[in-house]
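Every chain is named by a letter (A, B and C) in the order it is written, and numbering of its residues begins at 1.
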Amino acid sequence: MSKPQMTLAEVADLVGAELRGDPAVRVSGIATLKSAGEGDISFLSNSRYERYLQETKATAVLVTQELAEQCPVSALVLADPYRGFALLSHQFDPEPRPAAGIHASAVVAEDAEIAPTASIGANAVIAEKARIGANVTVGSGSFVGARSQIGEGSVLAANVSVYHDVHIGARCRISSGAAIGSDGFGYAHAGTHWERIAQIGGVQIGDDVDVGANTCIDRGALDDTVIGNGVKLDNMIQISHNVVIGENTIMAGHSGVAGSTHVGRNCVFGGAAVVSGHLEIGDNIHLTGMAMVTRSLKEPGIYSSGTGVEPNRNWRRNVVRFRQLDDMAQRLKTLEKKLSE
Amino acid sequence: MSKPQMTLAEVADLVGAELRGDPAVRVSGIATLKSAGEGDISFLSNSRYERYLQETKATAVLVTQELAEQCPVSALVLADPYRGFALLSHQFDPEPRPAAGIHASAVVAEDAEIAPTASIGANAVIAEKARIGANVTVGSGSFVGARSQIGEGSVLAANVSVYHDVHIGARCRISSGAAIGSDGFGYAHAGTHWERIAQIGGVQIGDDVDVGANTCIDRGALDDTVIGNGVKLDNMIQISHNVVIGENTIMAGHSGVAGSTHVGRNCVFGGAAVVSGHLEIGDNIHLTGMAMVTRSLKEPGIYSSGTGVEPNRNWRRNVVRFRQLDDMAQRLKTLEKKLSE
Amino acid sequence: MSKPQMTLAEVADLVGAELRGDPAVRVSGIATLKSAGEGDISFLSNSRYERYLQETKATAVLVTQELAEQCPVSALVLADPYRGFALLSHQFDPEPRPAAGIHASAVVAEDAEIAPTASIGANAVIAEKARIGANVTVGSGSFVGARSQIGEGSVLAANVSVYHDVHIGARCRISSGAAIGSDGFGYAHAGTHWERIAQIGGVQIGDDVDVGANTCIDRGALDDTVIGNGVKLDNMIQISHNVVIGENTIMAGHSGVAGSTHVGRNCVFGGAAVVSGHLEIGDNIHLTGMAMVTRSLKEPGIYSSGTGVEPNRNWRRNVVRFRQLDDMAQRLKTLEKKLSE
């Protein structure tokens, strides 16, 4: 791959920065202050890394007004260097952009609609009446089920499974191994065994949604499972049937939401946070990692559960006491009464 | 897809209900009381939804004897409307039923046995001596390893991986990304490194077993890993080598069972419940979500662990105290002694 | 498959044992003391199973010096029978070894380099400039992205996804559904939405690394994610961007390490243990299952968190008290003061 090149003028234009340096100078890579070399652009967004600014070998640095004076090399001055870095990062992304067209080894149903600008990878399979939008990439070995739709500019990595009747919006990224539209986990207890309930609903995914590797979004039982615009899901997340996730909510790896729970907008879930079914989680709720949520939460704020890690020897003693906690509380009350008498 | 149609007489016959209405009327969809329209059938199984019965626009409703009087439309009266719904749901399932036969792009070993009524999807791969039973569906991109068997009527979705020497029973459903027969996690410590132990056992899966998306069932070290008839596994569950799961046990997403543990019949695991290795879990054990089980459980009942979610500010204080819990217990004892003196 | 056969002389030679028995006798299988039959070899490494030695039907047993006297059949005497079993197990592994060569249905980029002794499975896809080493197996339906390298003797099972710019060392085993090089979870908050940061780094995996089924190793944001030699990862593990895992660390299923955390050598993670981001975990740290680590750990030892499972009725009471724990601690202090006055 030939290295991408940008002039500092182009960089300033892209990120909306004021350039203090030679606009014709070129950069061909992006790196941290510490590891950047000649030809790289870098950024300073966290005061922890301020000490690396003086000695950076970067050709140019995205900085705030306050720190621009201290920048020993060309400075691109803007209010939010981290966001500037986010915008710029895509210019140096080595991710291959496959050519438009349907690979000879792909299997596409006759009545599927594939936009001429879409790329269907090797050994991918597109089922009946599926619709693949403009500039979509369907990675090698991925499957798109009957009547499902992939919106403009979305990217499915290799080995993604999209079941039937799933609607994915524009500019989404679906990582390898993700399963979208898999069966919801619904059974009726029938005395001695469990009777499966056909999962008839679909999945609706908005625009600008990212779905991490091996994440599972189940189809609805009767109505659809719904993921709002701008939602970002990390790897191995479980979204159960008929869950609704509000716009711009972001969830870290291994987290999960059980059936029919509604999660609001702008929520942040730490890793392995788990929410029970049939609950209402409001907007702007922040769950720390491994939080266990078994009741609805309406008040915005940070919520936590669990105990912190400690040496096993101590923990063993405390964990025994946890099982005596109610008893301890009652004994404490008794003592207080006695003493107050 | 043309919409399925049933007369109410056919519905009554299928679910074993007494019909109060015109047997010739037709329904072509199934929906909740609230969202049902003309031509839909619905059901009332939860008293929470009783208030929607009066105003439902459904053409007919599955109800109990007690509520049949209040049903403003045709009523199908039966003891367990939810189970009736489960049975009926399959009539309206839009899941495609692929035609029998081997897709031209599938790769099938010469000595594999494929029933003429089985469907082998696009780009699927069937290895040496595998046996695919009658009416089995192997989804696009799925792999069935050497000598493995898939029983009559079972369905593998797209991109499923079945390793060698795995036996799957009849009427099972294996969701996308599931890995069955992957290596058990077995190593001998060899001073400075870990020596892998070949995982020589296979996997035995009974009839009517569901395996969720991206769930992993490891092959046994020497003997087999065994999943009983009627077991239902949700997504991303870990079943380790030589685990045995009893009949009709049901496990929610992200739960896991470590090596050589035996789980009884009719157990219910909440999401992310984790059981350590080499334990015995009896029949009818119910674990709530995120339960951490490090000892055998024999007495039937509901078991739990963990702490409930609370505002982070409070939690931070309590979590510090948890680490002082044993100390607190001893101070409490001291106080009690002093006071009794 | 024809059964492998070894003489006891060959076994003794392979595992470095002293043979007490007929060197010409042949074994064709390996099994536990309890289930072994005629022609099987077995081992005794755990005193719990000593009682099975007397009645074993095995043809020969790997034992320690101390127990060799009690062995009723041919004995192979060595210091560590479990390690001997590990070494020997591979002789009886029924895992198919595919023939060298590129399957006709595989899709290989013209400028990819495939060693003549490598095996590329049915419907596998190898992208531009990828390099597949000697004796490598790429399983059916697996994908190897642009410029990625698979070292000598490594095995990718079916349906593995290796993204671009991933380097995998020699003798690694990657299980089905694993995703290596997927996007790190990196976003800049941009007022009303999240701006994705392109994940430009790659993944470096050492030699003798095992990656479990459906495990995800994300690519680095700018620098690489790094997995040391001899690391063993179980199923569904989350390794986030820019994590570094030291040599011979072993992690059980469902565990996870958040972004930029460094884990030392020879660590052991129990199942579902989760470590937060930007931490330092030293060498020889042992986390028990479901441990929640939110601070750096330097001192070698065993660490734990959480509470143990108990009957739900008791737990409900204790969990309420947990939320009053800080209050209880302060009341206890008050009582102590009063009493000492």
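Quick notes on this one:
Here, a residue touches a chain if its C-beta (ideal position, glycine included) is under 8 Å from a C-beta of that chain, and two chains touch if they have at least 3 such contacts.
Nothing here was measured: the structure is a model prediction, and the numbers come from that model.
If touching chains are joined by edges, the resulting network of the protein chains shown connects every chain directly with every other. For the self-contact between chain A and chain B, the two sides draw on mostly distinct residue numbers; the shared fraction is below half.
Inter-chain centre distance (chain A to chain B, centres taken as mean C-alpha positions): 25 Å. Residue numbers of chain B whose C-beta contacts span two or more other chains: 105, 123, 141, 159, 177, 214, 236, 254, 272, 290, 306-308, 310, 322, 324-325, 328, 332, 335, 339. Contact residues of chain C toward chain B in the complex are 1, 30-32, 35, 80, 82-83, 85-87, 89-90, 92-96, 103, 105, 121-123, 139-141, 157-159, 173, 175-177, 208, 210, 212-214, 230, 232, 234-236, 248, 250, 252-254, 271-272, 289-290, 306-313, 315-316, 319, 322-326, 328-329, 332, 335-336, 339. Those residues of chain C lying in contact with chain A across their complex are 105, 107, 123, 125, 127-128, 141, 143, 145-147, 159, 161, 163-165, 177, 179, 182-183, 185, 187-190, 192-200, 214, 216, 218, 222-223, 236, 238, 240, 254, 256, 258, 272, 274, 276, 286-288, 290-295, 297, 301-308, 310, 314, 317-318, 320-322, 324-325, 328, 331-332, 335, 338-339.
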